[in-house]
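Take a look at the following structure, please.
Letters are used for the chains, namely A, B and C, taken in the order the chains are written, and counting of residues starts over at 1 for each.
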């Protein structure tokens, strides 16, 4: 099985997670779900529970707020396809933990390129609104945009999801 | 005449209303315009007046802040094509009136599927910015995204408009 | 050489500037870069410096916070292709200086249509988030959307960039 990679971008409530899941279920029979979300509050706990309820018993779930490159390597040994949901929360976790975002992005790139299984990555597109008031939100928006560009460059296929429907940003390589 | 449905998504000042109007003028000679906007203030009154000035005498205007499914059925008896502008303001009205948004969405779906005339729906895409600070804005953004997904699923054709130009999310069925 | 025009829309950190630059380097060997940014603070000065470092010695840089139509005419006499980066900062400068935005947009249109060299324009798409809290931000968002629509109408080619990858809004005319 090839190590093809798919990047799924989308807005909030765009259906990007569901789309990515359906794609990964076509890539493998025993896929891994790597969740980067942390349930700080009831709102987030609800979202995590709703996403988990959407997945059937074929899926194995891994939770990884920070060590994503390692989690991808680990999941690829235990599953036949890997879904990461989502990069933007991972970035948020990195910033909160004051990690080196650029080094983490480079390590993620290496993990994806080295992964022997198909990998799909979900990320938020957050740059289409007006400039945020506070500097932290601006930094987050910048870093999220740069991370998306970086991953788009190495991904074999990139789509942007709106209202549950994909627009092709980079078509899959012909077979 | 078929009851085909078209969903037109777009950002603020994207030209989505004008695009939808031009499409509906090709669908019927005596179209209905269902306005969901309420003029609370001068800013909104200006926008409503500007949109109305864009429409010529072929159009009949209906104003419906809340009872959209009923208005669609009514308009379909009096006109040969129906334009709803816009779903996102309707959602906002529902939330302000503390209505059951999920039940309203289901009723809207039924009204569209039952409509004997072509229907076009305009909606805002609001999920491509950073996470809003306040919980009400986050809830609105979630509900708007879910409503768009729901309508996109049952629509025959879906486009996303930017700078007045459409990107195809779901192509129209071939004739 | 034709005076073809290209409009490059995109979100924050979408790679729109880099994409536009690569396109303009194919249009001319001695291109002009018209910068509309003003460095009010360290954050903005950093961005300007980063963008400048991305350009090689073939480029000539012009700085024009307000008089963009004149700068385009001037640059077209001294270079063989023109890149304006970006329209949204120019709009912001116009609003801050309390200029007539509509008249400025009309003058810009005339300058582009009259330009004997290929022109590429970079602009932000800012309308895909929730409605901003303050009236100034709403006005800015409205004007930015209208300006983008206006330029899209007269441009020969329009693309929307996300994660460094272009989606075609208006395909280039066939040769």
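Side notes on the structure shown:
Heads up, the rule we're going with is that a residue touches a chain if its C-beta (ideal position, glycine included) is under 8 Å from a C-beta of that chain, and two chains touch if they have at least 3 such contacts.
A quick map from chain label to UniProt name: A, B, C = Bifunctional adenosylcobalamin biosynthesis protein.
Predicted model, so just to flag it, every value in this text is computed and none were measured.
If you sketch which chains touch which, every chain touches every other chain without exception.
A turn of 120° superposes the CA atoms of chain B on those of chain C, with the angle given to the nearest 5. Under half of the residue numbers at the chain A-chain C interface are used by both copies of the sequence. Here the spacing of chain A and chain C, counted between their Cα centres, is 31 Å.
Among the residues of chain B, those touching two or more other chains are numbered 11, 125-130, 141, 167. Interface residues of chain C, counted against chain A in their complex, comprise 10-15, 43, 125-130, 132, 137, 140-141, 162-165, 167.
Within the complex formed with chain A, the residues of chain B that make contact are 7, 9, 11, 125-131, 135, 138, 141-142, 144-146, 148-149, 151-153, 158, 160, 167, 169-170.
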